[in-house]
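The next block holds one structure in the form of C-alpha cells; read it before the comments.
Labels run A, B, C and D following the written order; every chain starts at residue 1.
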Amino acid sequence: MSHNSFGHLFRVTTWGESHGPAIGCVVDGVPPRIALSEADIQPWLDKRRPGQSKFVTQRQEPDQVRILSGVFEGLTTGTPIALHIENTDQRSKDYSEIAERFRPGHADITYELKYGIRDYRGGGRSSARETAMRVAAGAVARKVLGPEVRIRGALVSIGGDWVDPAGWDWAAVEENAFFCPDRAAAARWEERLLELRKAGDSVGAVIEVVADGVPPGLGAPIYGKLDSDLAAGLMSINAVKGVEIGDGFGAAALTGSANADEMRMNPDGTVAYQSNHAGGILGGISTGQPIVARFAVKPTSSILTPRAAVDRQGREVEVQTKGRHDPCVGIRAVPVGEAMLAIVLADHLLRHRAQNPDAPSVARLPRN
Amino acid sequence: MSHNSFGHLFRVTTWGESHGPAIGCVVDGVPPRIALSEADIQPWLDKRRPGQSKFVTQRQEPDQVRILSGVFEGLTTGTPIALHIENTDQRSKDYSEIAERFRPGHADITYELKYGIRDYRGGGRSSARETAMRVAAGAVARKVLGPEVRIRGALVSIGGDWVDPAGWDWAAVEENAFFCPDRAAAARWEERLLELRKAGDSVGAVIEVVADGVPPGLGAPIYGKLDSDLAAGLMSINAVKGVEIGDGFGAAALTGSANADEMRMNPDGTVAYQSNHAGGILGGISTGQPIVARFAVKPTSSILTPRAAVDRQGREVEVQTKGRHDPCVGIRAVPVGEAMLAIVLADHLLRHRAQNPDAPSVARLPRN
Amino acid sequence: MSHNSFGHLFRVTTWGESHGPAIGCVVDGVPPRIALSEADIQPWLDKRRPGQSKFVTQRQEPDQVRILSGVFEGLTTGTPIALHIENTDQRSKDYSEIAERFRPGHADITYELKYGIRDYRGGGRSSARETAMRVAAGAVARKVLGPEVRIRGALVSIGGDWVDPAGWDWAAVEENAFFCPDRAAAARWEERLLELRKAGDSVGAVIEVVADGVPPGLGAPIYGKLDSDLAAGLMSINAVKGVEIGDGFGAAALTGSANADEMRMNPDGTVAYQSNHAGGILGGISTGQPIVARFAVKPTSSILTPRAAVDRQGREVEVQTKGRHDPCVGIRAVPVGEAMLAIVLADHLLRHRAQNPDAPSVARLPRN
Amino acid sequence: MSHNSFGHLFRVTTWGESHGPAIGCVVDGVPPRIALSEADIQPWLDKRRPGQSKFVTQRQEPDQVRILSGVFEGLTTGTPIALHIENTDQRSKDYSEIAERFRPGHADITYELKYGIRDYRGGGRSSARETAMRVAAGAVARKVLGPEVRIRGALVSIGGDWVDPAGWDWAAVEENAFFCPDRAAAARWEERLLELRKAGDSVGAVIEVVADGVPPGLGAPIYGKLDSDLAAGLMSINAVKGVEIGDGFGAAALTGSANADEMRMNPDGTVAYQSNHAGGILGGISTGQPIVARFAVKPTSSILTPRAAVDRQGREVEVQTKGRHDPCVGIRAVPVGEAMLAIVLADHLLRHRAQNPDAPSVARLPRN
C-alpha cells in the first residue's frame, strides 16, 4: 500500500504538514557504501526553496536538511535514511477564514469530505511544502544512479506560451528565475508574470524533465512499466493534471511511419536510434535513449480574485486568498519533477538488478 | 512489487502471451456475496474483441472467459477469482523474420535488451492481447462499484482530428466502429482510415473515459492519489504516451481565475460545482463530480512501410510488417481505458472503506 | 497487500478451491533464461500427492501441472509463469451436512463469520489442496536458487514421539511413508498411525526443513528479516501452529554462553561456525550456515469421533466426519514446508541482488 | 517491499540507530478523528524503557516521544503520523574492539557480510533500541482498535523455568520486575537472575501475549492470515527464535479429538467455544476467542564470558562484552510483543473493513 510511500526497492515515505514542527522522509533500500552527506542534498533543496525571486511564494525558510540515520562515517549503511527539515516560518496569522471556507480548485474541500478534519494552516498536508522531501529524496536517488545518469528539467511553457526548441540552451536554465531554456521566452514570461502578479491572478505551466545516460532495460512489463511509474510519480506532484512521455499527445496526431524511431548501429554494439519520438521508453522499458517526460501544472487556486465558494457549514460564500501568493507554482515544480524522475529511475535500477544479476550497464547487440 | 499486478486492495495479476495456450488473471480482494457470472464479463470482452470491423486487427477468436475460482453458487466468496481465456487463433505462420529483426517503435528490442530472450510470436507478452484480461477484471470492478457508478469511454481524436464537443452524443458511441461520440467526426474518420489502410500506415488516437456517480472522498494523499493511480493504470496500456485529468495540458494555458471550479450548494447538502476543469479530482481525492481522464495512443509500429532497423546480431536491416495489421490501435483501447478506470475506482473504494469505516456513499456538508 | 500472494520479488499468487474446475498460481519475478519445464515441477508434486500410502488422504488425482505462460523454448522469459492443475477427483457426494455444520477446530466457521458465504465442498479455499501450488511454485524457486542450494525436509515428531538425532539419516527419508529420517522412529510411527486410523482419530506432527548452501547476507533488517518471512511462510501452511528457527524454543532455556555459536576461520576466508544454535540466521540475515526451521502441525479436525458443534442457524449439533480421512496431515506438509523455504530464499536472493549488485555468492572476510 | 516497514493498511516504517541523533517511525493509514496525544504513547514507552531494574540494561534515557505530524488539535487527520525520540545516552566510549570483532551469536557479522559496513556503536540498527518505535506505534494501534480490545503480555518462562498456569494472576504482572504473572515464579527468577548477573551470563525467555475482545473475522486467507502476519511480526523482534499460536508446538503432540475446540451457543448468538487450543485463530481468521501467542527469546550474546570469534580481517580472536549488560533481554520484549500484536490486529481490522464494509463488530449466527 502506498498512501504516503513511493517506489518499491528505492522507497520513499514522506510525512509532515506545512505548519507542523517539521517535515521529513524515510528513504529505504539505498545500497550500502555510497558516499552521502547533507552537502549532497542541500543544493537541490536550495534550488527548490521559495522566496528566491519575486515570481514565487515569499515564504522564507532555510530548509536545512539533516540526515538522522542510515549514514555512518560518510557512507550509507543499507539501513533506512531519515531526512528531516524543521519548519521555521510558520507565521502566526489568522486562519479563521481558511479554516471555514473552501477555496475553489483547492484540496481543502476534498480533505474535509474524506476525513472530516484537516490541518488547514498553510494547506497542511496538501501544501507544496511536502515536495521539499521529494527533492531531498531525489538527491539520494541521484547518488544511487551514479554520475553516468544526468537528470535535468526546464520550464517549457507558461500559460500556453512555449519555448522555441530551436532556442533551447540548457545553460540558460541557470540564468533566469523560471528554469527557462530559451532566453527569448524568459524575457516574455517575466513581463507576463509581473502583470499577473499585479492582477492577483496565476497561470499554469508545463515542465520537461530529461534523463541522459540511462541504460537500456530499466522497467518491467506489464504494470511495473517505467513510464507507468513515471506517470504516477509526476501526477502525484501538487497541481499536476497531465503527463506525457516523448511525443506524448503529439504522437496521437502522427502516422506510424512518422512516429517510429528508426535504428542503425553504433560501432560499440549499442543501437543508434535515428529519432526519439518514444522518449526513451518502448513497451515500458528504457531503450538507452534519453528519457523525456513532460507534465502540466495547473494555475494555483490561491488567487486574490474573489470566487464563489462554500463553507464547512454548507453555506454559499466568497473566498479571496490574502497574503503570500505564488503567480506560477509550476516554476518550483521543475526541481520536484527532476527528483521524481530520479526516484523512479533509482527504483527501477534496483529492480532490474534483482531480476537480472548479470545486467550490463549498457546493453549491446548481440545480447549474449 | 508490481511487475504484473495492478491495484492494492482490488488487485489484478495478469499472465499470458499472445500465442501461448491461454491468457488469464487473478482478481483478489473482491468483497464477498456479489453476484457474478461469466455473463457479467463476456459483453465487455466482446466489445474489445478484434475482428469486428475492417478498422481493427483481423485476428479472430471468441475470447470466451471462464471463471475458475472465487465464485460459488453465483456469488463471490471473498477468495481470489481466476479468469481464463483460451488462445485459439495462434496461426502457425513463419516467425523467422520477427524473431530476428526488431521493429522500430516496438517493444521487441527492449524486451531483448532487458531479458536476452522473448516470445516473439505475435508480440508475446507485449501484445495488446493482454488487455483482454484488463477488460475482464474491469467487469468485476464494475460489479464492486455497483450500479451507481457508470463508466463510459469514447474515442475523441484520430490523427489530430478531434470530435466537436458540441456534437457529443453518448448514443453515437454504440453506432459506429470507432466508439466515436460525434457522428460527423465518425464519418470523416472512416474515410481517413480506409486511406491509411490502403497505404499500409497507421495513426494515433486520443481516448476519453468518464465515471459518473463516484462519491467524494476516494483517493489518498500523497502517493496514493486517485489521479496518480489512474495515470499509472492508463499509462500501462500498450502504446499509451500521455495521460491527463480534467483540462489536463489545457489547464497549463489557463489563468487561476479561469481554471478554478466555483462552488454553490445543492439542496441535499452536496456541493454544486459550477464547472469541472479539475476532472473530478482535487488534491488526489474525488470531489463527487464526474471523473474525466484522457489518454493518447501512439500509432502502431507494425506497418507495411519498410523502415530502417537492426537485428539480434547487431546488423542493420529493413523491416516491414506483413499480414494482419491494425490501422488504429487506439480504437480497441476504449474498453481497455474504461476497464482501468473501473479497476482504479474499485481499488480506491475499498481503500477508502478501510480508513473510513463510516464513509457515507455521498458526502454532504456539514461533514459531521 | 497479500491476501493470496506471497513473496515480494519472487512473488507467488495462488487461486482455486478444492472442488472447483482447477487450481493454479502465478509466479512473478523469475529471472530470464532459466531452463524450466513441467518435468522440473512434477516430481515435487508427485511427492506431495495424496493417495500414496494408507497414512494419508485417499483422494486420487494425478495433479498434472501445466505451464501456461512465461516459458519459451524451454527457458523462462522474465514474464509471469502461470501454473495450472485440473481438479479431477471432485466426487459428487452429499455435502448437505458439511454445508450446514461447522467442524470444531476447522476454518468452516471463521470463513462463514468473515464472509457470510463459503465453498464448503471439500473445504473449498481452506483445503490443503491449495498447497499443491506452493509445491509447484517451490519447484520454480529451486531453479532460481540453483543447484548450490539444497533444500530438504523431514518429519521429526508425530504425536510427541520424536526422532533420535543420533539416528538421523537423510537417506531414510525416501524409504518410508512418513519422510522420517530415523528408521526406528518410522517403525514406531507406523504402528501408532494404524491404531489411530482404526480409532478414527488423528495426530499432530513436527516438520524440520533445512537449506544447505545458502550464501551469507540474505535477509534484510528490520521487517524484511529472513526468519520473519520464513515464519510467515510456514505459519501460512494449513494447520500450522508454531514455527522455530535453529534451537527455537529450546534457546529460551539456554544461557548465553551455551547458545552463542563460536567462530573460527576456514582457509578460504569463510567463517567456520563451531555450532548452529542460530539455525543459520543472525539479526535476520543468513550466516552461511544451513538454514534450519521447524514447524508444528496440529492434528486434523476432520475425525470420525462425534464432537459438539453448531450449525449455520446457530443450533447446537454434533458433527462427525465421514469418508476420506487423513490421520496425520503433517506428513504431506513436509514437501510443502520445503517449498515455502525455497520460495522465501529465492525471494531474498533477488532482494539481496537488488541492494547489493556486487554481492558475492559466498562472502568472505575481509569483506572488502 | 518491507525492509523497514511492517503492516499494510496500518503501516509502520521505523528508522534510526542506537547511537545516532534520534530514532523514529512513520505510522500511516490511521483513520481520522481519533483522539491522540503523546500522553497516549508515553506510558507504554516508559514500561519498555531500560534502566528500570537491575535485571535490564542500565542505559538511561527518558525516551520522550514527540508527535511531529498527522495530529491536529488533538485528533488524527488521516495523514501520516511521525513519532520521534531523541537519543540522549550515547556514551562516548571506546568502540574500537566492537568495531573490529564480531560477537558470536550477534548480528555484527551478518550486517558486515551483507553490507560491508555497519554502524557498530551500540549495535547500530540491530540494537533493541529500535523496538522503542514498535512500542510507540503499538500505542497508536491500540487507539485504532478501541477500548474493546485489550492486549496484555507476560513473561512465562526464564531459562526453562515456567510459570504455573494455576498461579496466573494478571495483577502480578505489574508488581515485579519481570512482567511475571506467577508470584512464586517471580521470586525464583529474581534469585536466578542475580546469579547470572554475577556470572556475567544471560538467559533466554518465553513471552505470552493475549488479546481479548477481538471480533471474529479478522485475517485473510491464504497468505494474509492473521497468524501468519503475527508470526512475521513477533519473529522480527530482536533475538526471537520461535513463535506459536494457541497450543502451538504442544498441539503437535495431541490427537485430533483432544485438540478440537468444541462449540456451543451463547444466548446472544455468538459461539461459545469450550476450549481455546486454537489460540483464537482458525484458518488464519479470528474466531472471537482471545488471541494467544507465545514467542521465544534467545539469551543475549553480549556476555562477560570470553568466546572464540573472528575479526573484520578474518583473524581468529576472543571477544568479551564489557560495560552495560542485559542478563535477560526477554523481559523488555514483553511490551514489544504486545505492541506487535496490537499492530497486526489494527492492520487486519482495517483490511477487514475494506473487504467487508458491513462487517459487524461481533459476528453472530445465523450470519445473514
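By definition in this document, contacts are C-beta pairs under 8 Å (C-beta built on N, C-alpha and C of every residue); 3 or more make two chains touch, one makes a residue touch a chain.
None of the values given here were measured: they were computed from a predicted structure.
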Neighbouring chains common to subunit A and subunit B, by label: C, D
Winner on C-beta contact pairs when B-D is weighed against A-D: A-D
Whole-Å gap between the CA centroids of subunit C and subunit D: 25
Centroid spacing, where centroids are CA-atom means, of subunit B and subunit D in whole angstrom: 45
Subunit A and subunit D, separation of their C-alpha mean positions in angstrom: 39
Multi-chain contact sites of subunit C, meaning residues that touch two or more partners: 1, 3-5, 8-9, 14, 29, 32, 78-79, 114-116, 125, 221, 351, 356
Complex interface listing, subunit B residues touching subunit A: 1-6, 8, 14, 102-107, 109-116, 125-126, 130, 157, 159-160, 196, 201-206, 216-217, 219-225, 227-236, 238, 240-249, 251-265, 269, 271, 274, 277-279, 281-288, 296-303, 305, 307-316, 330, 351-352, 356, 363-368
Complex contacts: residues of subunit D adjacent to subunit A: 1, 3-5, 8-9, 11, 13-17, 20-24, 26, 28-29, 32-33, 66, 68-70, 72, 75-82, 114-119, 124-125
Contact footprint of subunit B on subunit D as seen in their complex: 1, 9, 29-32, 78-79, 221, 350-351, 353-357
